[in-house]
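What follows is a group of structures, each given as structure tokens.
What follows is chain A paired twice: with chain B in the first complex and chain C in the second.
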Partner chain A sequence: MSDITILDEIKNAVDSTDVLLFMKGSPQFPQCGFSSTVCQILNHLGLEFKSVDVLQNAEIRDGIKQFSSWPTIPQLYVKGEFIGGCDIVREMFESGELAEYLTSKGVTVSS
Partner chain B sequence: MAMQASEIERLIREGLPGAEVRIEDLRGDGDHYAAFVKSAAFKGKSRVQQHQMVYAALKGNMGEALHALALQTSVPD
Partner chain C sequence: MRIAQTIRTRLEQSLAPERLEIIDESHRHAGHSGASPSGETHFSLVIVTGAFAGKNRVARHRMIYEILDDLMNAPIHALTLSTLTPDEAASAQ
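The block that comes next holds the complex of A and B.
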């Protein structure tokens, strides 16, 4: 599969999912501390979110970095928009900005 | 593969002339650092854009030679 279809595949997933986390491992079994931190934040906010385990698919693991021109995993997307990696999500969470942003995008936050 | 703190600092300074840069070695394994970067070039930029500017300065090392860089960017007052 050429890069174009991977980037299209990623775009479709990102655009069709309210909260989508590209991570290493899964929320139940995160394989990296940074991915685990983001999962804990999303769970703390009581969010429903989908995740993609980039360790299962090398093409997605590289493609997502091209898609967002962001070199690392995890990567959080809300309503099709790239929010950031672990640092930014944690910074926004600690300042309350993340809950505010999610609510402004019509995503229900429960705490 | 790993990187030296001085190398990270040099690349960021080169990519963001005039920036204040402080690197902290989080684990002593050459793979886990924190970087605090203050630059006027960040003014008006979103956090994502600010971090992307630092990653660009690192010329592809981020996520390759350098596994983890906890990044905090800020704009001078």
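The block that comes next holds the complex of A and C.
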């Protein structure tokens, strides 16, 4: 059967990855300042994360917006849960909530 | 100021904000993808309203995205949001 929809694929990806970032470009070469900011924060926390470059796939780029009813990229997921976009990740990082949250989910943080 | 004014009118009608700042940051993104020569593509909003009470950040941002739904992606390419209740805004000062 080939009726797996893009939303199923996205769900599988976020559920099977501890920390997954949908972004524009790659962590090495981000193509957008907001995506770049989130990568810097995740790197600062010493996190191992995977990323999906939505610029490589229009179906994912549209699908991810539907998936979380969230119209913008980047989008961060931890253990299947949607955390937010750049502003939310930055606010949570600055207040210390992000590290706390990750630790509570069993994700190793180095600082 | 056309789009900024639309944003202001909609948010004032829907959220009755105590404080609403709309900053057009488009000039900082001139030449990037999504930027338009006429500006009004990249905005930063500060919204202080009691309507956010009891809602987490994701829910607050979704409220804004819903109000501006037909403007998202185009003409608005990027939207930076700071969403606070009056109490949070007071303690942040």
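We take it that the second predicted complex is superposed on the first by the 107 of 111 C-alpha atoms of A that agree within 3 Å, B and C clash if a C-alpha of one lies under 4 Å from a C-alpha of the other, contacts with A are read in each partner's own complex, and residues count from 1 in each chain.
We adopt the following convention: a residue touches a chain if its C-beta (ideal position, glycine included) is under 8 Å from a C-beta of that chain, and two chains touch if they have at least 3 such contacts.
Just so it is clear, the model here is predicted, and its values are computed rather than measured.
*Asks:* Identify whether chain B and chain C fit side by side or clash on chain A in the overlaid structures.
*Replies:* Clash.
*Asks:* Per the contact definition in the header, classify A:F82: touching chain B only (first), chain C only (second), both, or neither.
*Replies:* both
*Asks:* Taking the superposition as given, does A:P71 touch the first partner, chain B, the second, chain C, both, or neither?
*Replies:* Both chain B and chain C are touched by A:P71.
*Asks:* Contacts for A:F34 in the overlay, against chain B (first) and chain C (second): which applies, first, second, both or neither?
*Replies:* Both partners, chain B and chain C.
*Asks:* Does any part of chain A touch chain B in one structure and chain C in the other, and if so which residues?
*Replies:* 34, 69-72, 82-88, 91-92
*Asks:* So in the complex, which bits of chain C are touching chain A?
*Replies:* Listed in rising order, the residues are 29, 33, 57-58, 61-62, 65, 69, 72-73, 78-82.
*Asks:* Please name which positions on chain B make contact with chain A in the complex.
*Replies:* Chain B residues touching chain A: 47-48, 51-52, 55, 60, 62-64, 68, 70-72.
*Asks:* Using the touch definition up top, name the residues of chain A that touch chain C in the complex.
*Replies:* For chain A paired with chain C, touching residues are 31, 33-34, 69-72, 82-88, 91-92.
*Asks:* Taking the touch rule as given, give the residues of chain A at its contact with chain B in the complex, in rising order.
*Replies:* It is residues 34, 65, 69-72, 82-88, 91-92 of chain A that touch chain B.
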